[in-house]
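Encoded as structure tokens, the structure appears first; notes follow it.
Letters A, B, C and D mark the chains as written, and numbering starts fresh at 1 in each.
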């Protein structure tokens, strides 16, 4: 079963799909080990680990490299956050071919302008791309994909840009008509009211996805009740890693001995396990067994 | 002042140089923020974040990419752990040119065989490269470098391979004669006795470097007393990040609400700060100012 | 039908499979346009275009990047020349996973040591890897591949290393037993006698592959008669490109006007065609049509 | 002397600087061998060799990788054609840091919109970026560069977009005021009249650059007479390579024997020379000499 089929299957069989945010292959593997359904290769988190602003600075090549590493390390599907699609419809078309060829199961593209408006030059207005132009990108993505199970998630920022509920619904419908396979409805409110209103008024037939970074008090049970099919915990892994590293580095620099550092560290063995050092040893033993069978070793 | 000059300067002016381990640009930046003198781009940690064994599996291109990101994000020097130099003398020569061109201040190469001996096939013997062959690599590195301040750190695994103190000293001397600019003396003992014995018997004139992963109870004061000029805290940042991420992902999957998660997270603002989101805004304002001066904005 | 299946199909249906050498996506596309059956992503040619020696200097990442570009640009299968497999069995295992995931149809690995012996240091002996060690690599490759149609081509340099016909046959048999899917028998003689002797004595059941760089007078009809199933024209495209570019650059620098340059150039339109500039325009028209249907344009 | 200083020096000392187009390290090296003053890493040619449209499809990472290979292989300066700067001012700022760190001597950015307008969707209009927005990019580039000798070449497409001579001159002046170090004035006319008119009316103090692809009959003597300081032969090497490869591949597929192929090929030795196979052998001998001196060999 391909990664794309796995994602489709869990979407149709589970009440809600839980997606854990990751920014490199190790964090992706930890998402898998901790039994999430899928991995979110988030552009904010990946930009952060490159110490670069989340402002269309990193290139598609760089993001794709990270997502490919995740795909090659994990069994569960990888969903790639592809921002605005790295340009216009032709860029989206190229991007979809590359991501699909790499084994990524789904991409998410959003209806902001690229590159992010330089807000001060433009008097701070956070404008969206016109519906027509974003529909053109969805069509480009739909035409570029080969496997029907490859998912195009259309993310609308209409609520965040302050364009209102009707615009958000209108756009979501337009994106579904154009060929999107899911709608990510984003909100920066600190409660889920807006999301719930959207889901109640939504009469489309494709799944809804949410990212509750700004409304963390929402319960999974509530999301399920409101017909949300996928929830993305985008950046919590990044934020605890940041915090833990800040503390330990500060402590190391303050103390005389590493043994005085209070921070909890995983053992070297935990990490050997994750990076498959033991697996490489097993592979070596398997090869040795084969060499014995073939008469090269006794 | 170039990165290479900065590293030379702190080596000559400080009692001991403290180097913090990092595996991507964010962790490198946290090393810088927490006032270490330099960054260790460690191959174990970088392999781990790629979920790949630390066994010469990742390529020079991949390691160099990570080190380049660090150089471009940080002001303090980056020291790249280059394992065995990715092959023979010609590979080392090529590697030194690439790393120096990228702005890395120092590389460390070690006297193990490449690729790591398949220990089971070879009856588990952890053999070192012959002294002659490793000296050939140091000569290749020395001839390839352009900037005299670029440092070649020769790491001997003689103690770890059980070849004894005399062999370790003999090799360290040979490596200095061949052109190494520092000796990294490695030990897997859980106390620093071996390291201290080495440093007492060492009569070379280039600095000694240690990585106290296996003897964390050693004090910085003791290292200084024993003429160690550089200490590398190679993987503590990785290990706390791993641990914190494991915990938070497990909690998220167990609880209904993100607000029930106990783990300490950095704020989004902390991360915006590190990735220079505010700097990009400042750059935008500066450009706006210039545009005003030039009459394009009022 | 996957790239791997296509390659298997032409191997079983054609009297001989013709493979054209390429070093980037454009040369690969020219191989396709000129109706070869498959593309050889040759390490000599790729190294040459990077102005780097063909001596295990370029990394797997770099070679894989080139091969991936070819796969994404062409319909016919890509066969990747992977030298010695970039290290030991663990490197081969990793490499096979990466190449297969990228859509490459076959890889070729050869039984030389890695990195190439520094011939002067080693008194100029061009030693092969022991049969056992190369068999270990083939086992690693076989275990790493997922698609049964993915081909592992084992290339023996036994004749080139002067080890004789019996050794070449013994190794070829051993490689087949270990799981190789084809044997590339290489010769540096300036006639095909050695190759023909090999093919007559060969009683294995997997296909034979040749690269007649050093014996260019051999006829395709003769190869077919001698049970060769695949012929690789590895570097002729590179060598004519080199020659043509040398001439034109020399002429440009000697003459006053570009119009005085005698060299035949393709038109810009030829190149637009190859790089799918017209296709991008067609995609734009298709999107426009869709936008009209959806009511966004009139 | 740095690459940047070399470029400045030849600009001030030669009557005209001749720049040869290249698309990989080998073609760059051939430009150098044939005694051009500098290398043009052209986006059209590089896109073509990736079999991708010249339409902002390839990423900065990919273009930078090619330019870096050129820098590391050649002694003469590399000038990178960076299209529109890969986005807005923040992208330009990031790009300049990356290219300068890689040792590129100059970048060229042009005043078209990014990504290239989808001409059919937009009724085929080839619009330029507003002067203000392009000036913002130049300011961003100027502020990002560290070495004062690093050159920012501002390319105006005003004549190509049909905006007239006055607009072209007005923009060129504005770009110089904003910090550009040279103006590339582009024309698609099949004679140089437009270019000559521009150069006569131009009263700026920074050098003028031309790319006579569409007016190949112009003489170098005429360019010099019209105060042009740099001429770029952007794609002739690509076009002869394309043509020669097409012919040879066609011939190989038609004939029975390679020896029947008429095309002129370079020898393997020519290519060994370019890729420094002999240099690697020399390095080996040098290391051997050193090892003898140190007593490791007799």
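Please note the rule applied: contacts are C-beta pairs under 8 Å (C-beta built on N, C-alpha and C of every residue); 3 or more make two chains touch, one makes a residue touch a chain.
Bear in mind the structure is a predicted one, so any value in this text is a computation, not a measurement.
*Asks:* Using the contact definition given at the top, which chains are in touch with both chain A and chain B?
*Replies:* C, D
*Asks:* Between chain A and chain C, what is the gap in Å from one C-alpha centre to the other?
*Replies:* Centre-to-centre distance between chain A and chain C: 36 Å.
*Asks:* Residues touching two or more other chains, restricted to chain D: which are they?
*Replies:* 52-53, 55, 89-90, 118, 121, 136, 280, 284, 287, 291, 297
*Asks:* Looking at which chains touch which, would you call it a line, ring, star, complete or other?
*Replies:* Here the contact pattern is complete, since every chain touches every other one.
*Asks:* Which positions of chain B touch chain A when the two form their complex?
*Replies:* Within the complex, chain B touches chain A at residues 18, 20, 24-31, 33-36, 47-55, 57, 69, 73-74, 118-121, 212-213, 216-221, 233, 235-250, 252-253, 256-259, 261, 263-268, 270-271, 274-277, 279-281, 284-285, 287-288, 291, 297.
*Asks:* Using the touch rule from the top, collect the residues of chain C that touch chain B in their complex.
*Replies:* Touch list, chain C to chain B: 52-53, 55-57, 59-62, 86-91, 94, 114-116, 118, 121, 136.
*Asks:* For a test of understanding, state which residues of chain D touch chain B in their complex under the given definition.
*Replies:* Residues of chain D touching chain B: 68, 71-72, 89-90, 93, 97-98, 101-103, 131-132, 135-136, 139-140, 143, 174, 177-178, 280, 283-284, 286-287, 290-291, 294, 296-297.
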